[in-house]
Amino acid sequence: MSRKIITLSLVFAMLLVVTFSLTIGAQEVTLKFLHRWTQEPDSTFFEEVVANYEAQNPNINIDMEVVANDPFKEKIKIILGTENAPDVFFTWPGEFTNRFIRAGQVMDITSYMEDGWGDTLIDSVVEPFKYEGKIYGAPYRLDAKVFVYNTKIFEDVGVEEPKNFSEFITVLDKIKNAGYTPIAFGNMFPWAVSHYMGQLNAYSVPYDVYMEDLNPAEGDFAHPGYLMALEKYEELTPYFNENANAIRHDEARVSLFNGEAAMMYLEIIEIPTIEQQAPEEFKNNYDVFVMPPIEGAAGDQTALIGYPEGFVVSANTEHPEEAIAFLKYLTGKEVGRKEAQDLLFVNGVKNVVSEGEIPDSVYNTTQLVLKTERLVNWFDSSLHAEIWSVTGSELQKLTDGVATPEEVLENMREIAEEVRAQF
Amino acid sequence: MYKKNITPYLFIIPALLFILIFVYIPIVENFYFSFYRMNSYAPGKTFLGLDNYIDIFQNEIFYTAIINNTWYAVISLIFQVGLGLILAITLESKLLGKERKFFRTVYFLPSVIAIAAVGLMFYYIYNPNLGLLNAIINLFTESNFNYAWLGKPNTAIFAVIAMSQWQFTGYIMILLIVAIQKIPEELYEVAEIEGATSIQKAIYVTIPQIKEMILVTSVITVIGAFKLFTEIFVTTRGGPYDTTQVLGTFMYKTAFFYDKMGYAAAIAVIIFFITFTTSVIQIRLANRGED
Amino acid sequence: MKYNSHNKSNYYLKKALTIFILLIFTVIVLYPMYWVVISSLKTNNEFLSAPLGFPNKLMFENYLSAWNKGFSRYFFNSILINIVSVVLTVSIGAACAYSLARFNFKGKTIIFYLILAGLLLSPQVAVLPLFKLLVRLRLYNTYWALILPYVGFNLPFSIFLMRSYFLSIPREIEESAYIDGCNTFTTFIKIILPISKPIIASAAIVTSRFFWNEFLFALIFIEDSSKYTIPIGLSHFRDSLSTDYTTMLAGITIAALPMIILFLVMQKQFIKGLTAGSVKG
C-alpha cells in the first residue's frame, strides 16, 4: 500500500517536473510592437504579418498597438517615458530618433547587423539609421518625395516636365493662367512644408554644412543658402491652392485625383494610394519628376529628399534576442515580398522585387531612390524638436505670406542658438 | 469608546487618500518640476531655478495664449452670461406659455454633448470646401466662398469661441432660470401694482434677486475660459502658426512637442494661479451673497 | 386690470415677435446637429459634391462601419470607466461627507478645508506629475489610470454637495436607529443613504458628465486604442479616417446620442444635478 503511494507520488512528482520544464522551455514571450498604420490595407497587412510570425514562432506572442501618423509624433514620447514601452517600434530616422538614442531608449544593433544581417540590406537605406557610427534600426520601406503630375493637364496647357527651377516657375505660371490649381498643398500639419524645405535646403546648402547644422549641438544655420531655399519656396506659394494651412495633406490630395490640381508634391509611398484610390482617369494619366534643381546654387543638385522609415528595438526590452529576431523578420525578405504584393511598398532588402512584379510606377520611383547617391532627410524629423516647433510655425506663416524668408530664417537661427545653449 | 473615536476617521480616510495622492501630491510635484529641465522619455533632469518662468515670459506664444484665453472669457461673459440672462428672463416671462419648455430643452441640448464631439462637428462645419457654414453663405450669396474659418489667424480663435457659445449659452441660461424660479412671486406682484413694464421688472426685480447666481455663472465662465483645452485641441491644435494657442494647449505642446516637461510644468503653475485666484474670488463673492 | 383691444394686440405682437426670435435661435441650435446627422447618412461622394443636399438613399452602413471600426469599443470603455468612477466617487464621497457632517474629531477643520480647497484645483496643473506617478505605479495605459485621478478630482465637489445635504437631515432619525441597535456604519448604509437618493443622483450626474467629457487625462494616460474613451476615440477617428467624412460624422452622432437621450428622458434630475453643481463648484 505504502509502496504504491510512494511510486505514485514519485511518478506524479516526475510528471510535475517534466511539465514544469516543458512550460519553461516553451515559455511564451510577449513582445510589444508599435506602428502607425491605422488605415487599410496597411492595418490588415500588419495583422497578417504578426499572425504569420506567431504561427512560425509558437512561443512568441506579439502585442500590437497602433497610433495614427500625426498623433504618433507626440504619443511616442509619452510612451517611451513609461516602463511598458514597446519592444519594437516604428520611428523616423534622423534627429527624431537620435534624441531617443541620446536618452538611452534605443538599442544599438550594430553587432547583429555586422553578423550577416547587414549584408542582405541596401547600404544607402541603412545609413540613415546610423548615429555616431552605430546602427540603431532597420528600414521598413523606401521613400522619396517627387512631384506627381497630371499628364493630361500638362498636355492641355502645353508644358513639359521642367528641367530647372526657373523653368518650373514658368510652367506653374502657364498652368495657373489656364485656370488650374498648379500645386495641391495641404499644410495643416507643417510636416508637409518640411518636405519642400528639406529638398530646397539640400539644393542650396553644401551637404557637409547642412549636416553640421542639423546637429542641435552645433547648428547655427549661418550659410546664406538657407535664405535662398526659403526664397525659392516663397516663389512657389502663389501656385498653391487657397487655404493650404487649413487643410490636411490627404484632403488636398483629393483635388489632384479629381483633376482640379495639376500636380502635388507626394512621397513615393503614396503611389500605391493612387493605384488603389484614384479614379481611372487620373491613374492612367500621371507621371513624376523630382523637384527641379536650382541653377547655380551651392548645394548638391543630385540630392534627393527621402529617408526610409523603419523600426527600432527598445534599449529596455526584456527580450532582446526575440525582439531582434522579430525586427529581422519585419524588415526581411519574406515580409518585403508580401509588402510589395499587398501594399506596393519596397523595403530595404537587396533585390526584394524585380521589374514587372509590381506596377511600373512603383518600380521606377523606387529606382529613383536606389540610384540616388545622396538621400537627405525630411526637414522636420532631421531638426531638434524645439527648433522644428518654431520653424514649422514660421514656415506656415511664410506659406500664408505673413512672414518673409528673412524673418523665418532669423527666428530659426534664434531658436537654434537657444537650443545650442542647452547642449 | 475607542471604537467611537476612530470611526469618523475610517469614514474619511479613503476620500482623503484619493485626494492627497491624485490631486495634492501631483500639484505640489508640478511646482517642483517647474524648476527643472526634463522631458517625458529621458530619465535625468537639470535644475534651472526660475529659468523656465523667465523663458515663458519672453515667449510670444505665451502672450498669444493669455490673450486668447482672455478673449474666450470676455466673449463667453457677453454671450453665455449676457445672452443667457436675456434668454432666461424671456423664457420665464409671462409672455410665454407652455412653449417655454420646448425652447428651454432645445437651448440646453448642445451642452449635454461631449465637447470633443462638438469640436469635431464644428471642425467639419467650418471646413472651407465642404463645411456647412460656407455652404449656407454660398446658398444666399450665390458665390463660391471657401473661407477657411479655422485656418486663418484672424478668425480661427473666434470660430472656436463661437462654437463654445453655441454649446454653453443654454447651459448658463438654465442655471439662471432655476435661480429666477426661486424668486418669490409677490415681488413681481408688487412691481405690477406699481405699473412696472416687463423690462423694468427684469431690471429692478429679477436681476437684483439673482445677482449671486449671475456672479457664480460669471466666475464659472471665466475659470472655464482659462482651463480651455479640448475645444482647441480637436479643432485647430493651436494652429495656424500658434495663433490659437491657449494656456492648456501651449502646455501640452511644450511637454510633448518641444520635449520640455519642466517648462510645461511652469505653464501649469501659471494656470494654477489664474484659476485658483478666480475661484477664491468666487468663494468670496458667494459668501458675501449669503450674508 | 383693464386690457383694451390695443393692449391685447400689442401683447400678441410682442409674443409673436419674441417667439420668432426664439425660433431663430432654435434653428441656430438645431440646424448644425441636423446637418451632421443628415450628412452622416450620405455617401462620401454625395457629401463632397453637395454639402447641403439630401441623401438619395439613407446610408445606415456608415453607422455600422463607425461602430465596427472601433466605436463599439470606445463606447464600452467610456461606460465602464464612467460607472466605476461614479460608484467610487459617490460612495467614498458620501462616507467622508457623512463623517464631516456628523462627527467632531481632531483635525476636522483642517481636513475640511483641505478637501474644500480641492475644489479650486484644475486637473491641468496635475497632469504631468500624474503621468509620471501612474507610470511608477504601473497603472499607465490601464482603466485605473483614468478612474483613480477622475475620482480624486471629483471627490471634493461631491463631498461638499453631500455634506450640506447631510447637515440638513434631522439627527433624530439616526438616534432612533442607534436605539434599535444599529452602529454608525449600518446607520449610514441603512438610514442615511436611502433618504439621500436625490443628492446622490445629483452628484452622480455631475461627476459622470465630467467623466464622459474628459479629454486631457484620457489623451495622455491611455495609449492602447482598445482602451480609448469616446472623446479620444473620436479624435483618433478623424486622424485615421482622414477623408472618409461620412463615417466620421456617423461617429460623432453615435458619440452625441446617448447623452442627448439620457437628457431628454431624465431632464428633471439632469437640471437639478447641474444647478446643484454650479452653485458649489
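A, B and C are the chain letters, set down in written order, and residue numbers restart from 1 in every chain.
We take it that a contact is a pair of C-beta atoms (placed from the backbone, for glycine too) under 8 Å apart; a residue touches a chain by one contact, two chains touch by 3 or more.
Model, not experiment: these values are computed from the prediction.
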item	value
Chain pair with more C-beta contacts, B-C versus A-B	B-C
Most distant chain from subunit C, judged by the mean position of its C-alpha atoms	A
Intercentroid distance (Cα basis), subunit B paired with subunit A, Å	39
Chain centre separation (subunit B, subunit C; CA means) in Å	15
Set of subunit B residues in contact with two or more other chains	40
Shared interface positions of subunit A, touching two or more other chains	78, 81
Residue list for subunit C, restricted to those that touch at least two other chains	48, 131-132
Subunit C-touching residues of subunit A, taken from the complex the two chains share	38-39, 65-71, 75, 78-79, 81-84, 248, 250-251, 254
Subunit B - residues contacting subunit C, complex	5, 7-9, 11-12, 14-16, 18-19, 21-27, 29-30, 33, 40, 87, 90-91, 95-96, 99, 103, 105-110, 112-118, 120-125, 130-132, 135-136, 139, 166, 170-171, 174-175, 178, 213, 216-217, 220, 223, 226-227, 229-230, 233-234, 247-248, 251-252, 255, 261, 264-265, 268-269, 271-272, 275-276, 279-280, 286
Of all residues in subunit A, those that touch subunit B in their complex	73-74, 77-78, 80-81, 99-100, 102-105, 188, 242-243, 245-247, 385-386, 389, 393-394, 396-397, 400, 402, 422
Of subunit C, residues touching subunit B in the complex	11, 14-15, 18-19, 22, 25-26, 28-33, 35-36, 39, 47-48, 51-52, 92-93, 95-96, 98-100, 102-105, 108, 111, 114-115, 118-122, 124-133, 148-149, 151-153, 155-156, 159, 184-185, 188, 209, 212-213, 215-216, 219, 230-232, 234-235, 238, 245, 248-249, 252, 255-256, 259-260, 262-264, 267, 270-271, 274-275, 278-279, 281
In the complex with subunit A, residue positions of subunit B that touch it	37, 39-43, 128-129, 146-148, 150-153, 239-242, 253, 256-260
